[in-house]
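Structure below; questions to follow.
Letters A, B, C and D mark the chains as written, and numbering starts fresh at 1 in each.
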Amino acid sequence: MKIGKSTIPRTAISTSDEHSITVRGEDLCRDLIGRISFTDYFSLLVTGVRPSAADSAVLDATLVAIAEHGMVPSVQASRMTYAAAPDALQGAVAAGILGCGSVILGASETAGRMFSEIDEAAGEGGDLRGAARQVVARWRTAGQPIPGYGHPLHKERDPRVARLFEVAKDAGISLRFVQIAESVEGVIPEVVGKDLRLNVSAAIPAVLLGTNFPLRALRGVPILARAAGLIAHLTEEAVNASGFALSYQATRELVYEGLPPPAKGNRS
Amino acid sequence: MKIGKSTIPRTAISTSDEHSITVRGEDLCRDLIGRISFTDYFSLLVTGVRPSAADSAVLDATLVAIAEHGMVPSVQASRMTYAAAPDALQGAVAAGILGCGSVILGASETAGRMFSEIDEAAGEGGDLRGAARQVVARWRTAGQPIPGYGHPLHKERDPRVARLFEVAKDAGISLRFVQIAESVEGVIPEVVGKDLRLNVSAAIPAVLLGTNFPLRALRGVPILARAAGLIAHLTEEAVNASGFALSYQATRELVYEGLPPPAKGNRS
Amino acid sequence: MKIGKSTIPRTAISTSDEHSITVRGEDLCRDLIGRISFTDYFSLLVTGVRPSAADSAVLDATLVAIAEHGMVPSVQASRMTYAAAPDALQGAVAAGILGCGSVILGASETAGRMFSEIDEAAGEGGDLRGAARQVVARWRTAGQPIPGYGHPLHKERDPRVARLFEVAKDAGISLRFVQIAESVEGVIPEVVGKDLRLNVSAAIPAVLLGTNFPLRALRGVPILARAAGLIAHLTEEAVNASGFALSYQATRELVYEGLPPPAKGNRS
Amino acid sequence: MKIGKSTIPRTAISTSDEHSITVRGEDLCRDLIGRISFTDYFSLLVTGVRPSAADSAVLDATLVAIAEHGMVPSVQASRMTYAAAPDALQGAVAAGILGCGSVILGASETAGRMFSEIDEAAGEGGDLRGAARQVVARWRTAGQPIPGYGHPLHKERDPRVARLFEVAKDAGISLRFVQIAESVEGVIPEVVGKDLRLNVSAAIPAVLLGTNFPLRALRGVPILARAAGLIAHLTEEAVNASGFALSYQATRELVYEGLPPPAKGNRS
């Protein structure tokens, strides 16, 4: 069935013949394997060009920052899935990745979109704080949550934020989106009425948008990073199972608030 | 509901408090972000210790080798899923990862298990070729396919194999599992009756089992690597859609071999 | 980690003890197994009450209408996934379900939301056509596609539409949302500038919203229905494989539009 | 890329043209929508023929029996996923389905395979108990768990078992596989050394293998049934969130048994 207008699939990422594989114009075996790090290769795959040393340092830092934060919901979902289906590691990783949504982890992308709106609204040399106030107010009015601010555990600023900003500064990339992210933090008390500090999901686009990494691939960063963390958890789960213990604990205080069981006796 | 014996979940991977996150005994913000590559962090997460430079070089090489090979079935599945559900990048990545199974990509793990059996059967200083012949014959008798040999496109040796072996040699890691992998290649013609050459899925365990990377996490390598490739493809799909074109082409020669449509007319 | 305000999980769906399972206030073993159809049970699970005969007839009709439409993209994704990972049927079903997104299949829910807006805008006894014109125009202005109209194969009205409307009429349920759906069809040429006819994804909410089935569970109908179709396809795939043949055909006319392979020769 | 021998995809399930959709030789709109229940349609899709009334009654009973059992691990995984990614209902259903693996829910298929081996070993008129003893012992020797016996909550026989057997008897289908299932229950104490009673995962194949439902589609029954239960839970989650409360409770007694956090102070 023909859906949409295009009938010819196209790609600019890679091609191959019997003797070689070409990726983004480079020979995979001759030029890439053993000569490029996985992080740089990820960047090359996504953007089409090799990252600069600064771009690479920042991308590495964001991947390391978001890969692991203990037994968070997506890790629990993944470990429970693995406990039930231990033959299919890929299924348990997939279950964990499915929790990289708009509320958790996916907030990196949404925050990036908000920062881009502020960037455009301010224009070159413009008033970032004013633009931040205006954009955050517009999002609030539209009923959209402000992504990347506040954290259930790290009430003061998420400690990963300062470190990521430090890495960005040391690398010498553009700090414009870091400034935008801090402007948003500055206006949140007046616009939202709460003192919500930057968390890692806002810090990731704040630093990455100062590199060559594109806005539309932002959600890929937490997804790839979490895949690494999930694989570690599932490797642990295989020898030291916690999946069913987690599900047992989860329901110890479960309240059933439905209709009571029917009276015993034969069904009339 | 209590399933299994353990009711207390446990983990040795990470813990956190309001001000810090500890991963494998290191302070995430102070010691890891900006100081360790994503590949080394993946290794640290999985194994609990930082890899040596040699271990790291080999792990990087395997991740780069397997991340991307064009519009393979899992990429097609992922791009079709994204075309149908563009709001959920995580769902399209998950769909692609679900194709890392026993036949494709997951073969790395199965090949690693076969190599370990040969390693044990041979013992130190033993006859690798003899052990390979014996184990391969046993797998054949049990009806199990020999994982990691033969490739639909690369009829001679998959070009990634030689390059991975070269990286392993240059890094100075143990080459015992490379020798085992080549022993298997050597005995396949007599045992299987076909000349099947090493492909990348056998080369990955052949080099990784000479490092500190554990057998039971092997399937994680193609899964993590493919996540990177899938994110690149989905970033392309978002601006240059091929998902529906792929599905259109796929069915152009589709044969319907079921019952014919019923005769027209009112249903009696 | 505490995320959000609530720390006590609650459910009104079911509870159990060693000797019985209670679902929505009924005894599963005594009152439900063998006494209620799966469709009625699905309705009971979702809504908390047993459907009327009319509600049940309509729900059955929608599930049958949307379960299967040949080798559509989600079925292809599912069969390719199964070919690569035949040990994990659940993974292949999951991959197929992941294609029930906003563009395909998930349109049932979005169309239902649009119809509800029109219902409210018109009010009791109000002008449905006027309300339809106003809401469709508002969606267009906001850049949102009009869900459930037009079909790549069924250029005239999707044949399932008339049949579902007939079932709704015969069952005697409220036809208000059928009228709304037809009002939308009537105003599309003037508002959108194209003559797009009702397809099955709009017909499903048009009939279900006239029953006790809730708007917010609408996307569940195509998901559940497609699970049935996917299981049939995977059962066929297990004995009559097409997954890899689909992926082969899909790329026969693939255009590589990236950088050319690098020149041969030693890497300098 | 050509993988495997076949390059032409084939299907016997359905075909369509602009005006009609044919499924298993019937006209979807004329003969099926509004005229066949979803359960019968599922059976028709999978088997190619309409089920008898008896086959249909038994299939309905199994789907109802396994659709819902409260906040089990796959439901928890699904609700946590939905809490994190509420825009993608399909992703949360997929996450739940991924927990239908070899240990939980998928046991129906494995039990069915064991029963088929016993059926063949006994032959017509043969000694079922002897064959059961022999096959169960063989599975034990091979290190395979005996699927479908024992339950964490229902220590005596799972109450769904007796009810499913009653439905099968009332429907008048072949009870051979019920007898086989009970023979296995009878020999488990002597072979396994524990008194493990039939649970629902063994009862499902015990009754379905007496109908026209094929062994190789057995895992589809719990998958389809759980999809219905999951949709109900996610519909509840959307208005009465428990996903994050479950994850909070799950980790209240979490033990961190890894390396201690590093000493404070500047990194040297």
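The working rule: a contact is a pair of C-beta atoms (placed from the backbone, for glycine too) under 8 Å apart; a residue touches a chain by one contact, two chains touch by 3 or more.
Quantities reported herein were computed from a predicted structural model and do not represent experimental measurements.
A.B. asks: Find out how few touching-chain steps suffice to connect subunit A with subunit C.
C.D. replies: 1
A.B. asks: Work out which chains are contact partners of both subunit A and subunit B.
C.D. replies: Both-contact set = C, D.
A.B. asks: Between subunit C and subunit D, what's the gap in Å when you average each chain's C-alpha atoms?
C.D. replies: Comparing mean C-alpha positions, subunit D is 22 Å from subunit C.
A.B. asks: If you average the CA atoms of subunit B and of subunit D, how far apart do the two points sit, in angstrom?
C.D. replies: Taking the mean C-alpha position of each chain, the two centres sit 28 Å apart.
A.B. asks: Roughly how far is subunit B from subunit C, centre to centre by C-alpha average, rounded to an integer in Å?
C.D. replies: 33
A.B. asks: Touching two or more other chains, which residues of subunit B qualify?
C.D. replies: 1-4, 8-15, 20, 30, 70-73, 83, 85, 87-88, 90-91, 94-95, 98-101, 104, 106, 153, 244, 246-247, 249-251, 253-254, in rising order.
A.B. asks: Within the complex, which stretch of subunit D touches subunit B?
C.D. replies: For subunit D paired with subunit B, touching residues are 1-4, 8-15, 20, 22, 24-27, 30-31, 48, 70, 72-73, 85, 87-88, 90-91, 94, 104, 152-153, 250-251, 253-262, 267.
A.B. asks: Note which residues of subunit A are touching subunit B in the complex, please.
C.D. replies: 1-4, 6-21, 23, 28-30, 32-34, 36-39, 41-42, 45-46, 57, 59-61, 63-65, 67-71, 83, 88-91, 93-95, 97-101, 106, 109, 153-156, 159-160, 162-164, 166-167, 170, 214, 216-217, 219-220, 223-225, 227-229, 231-236, 238-242, 244-249, 251
A.B. asks: Can you tell me which positions in subunit D touch subunit A when the two form their complex?
C.D. replies: So the residues of subunit D touching subunit A come out as 70-74, 76-78, 80-81, 83-88, 91-92, 94-95, 98-106, 243-244, 246-247, 249-254.
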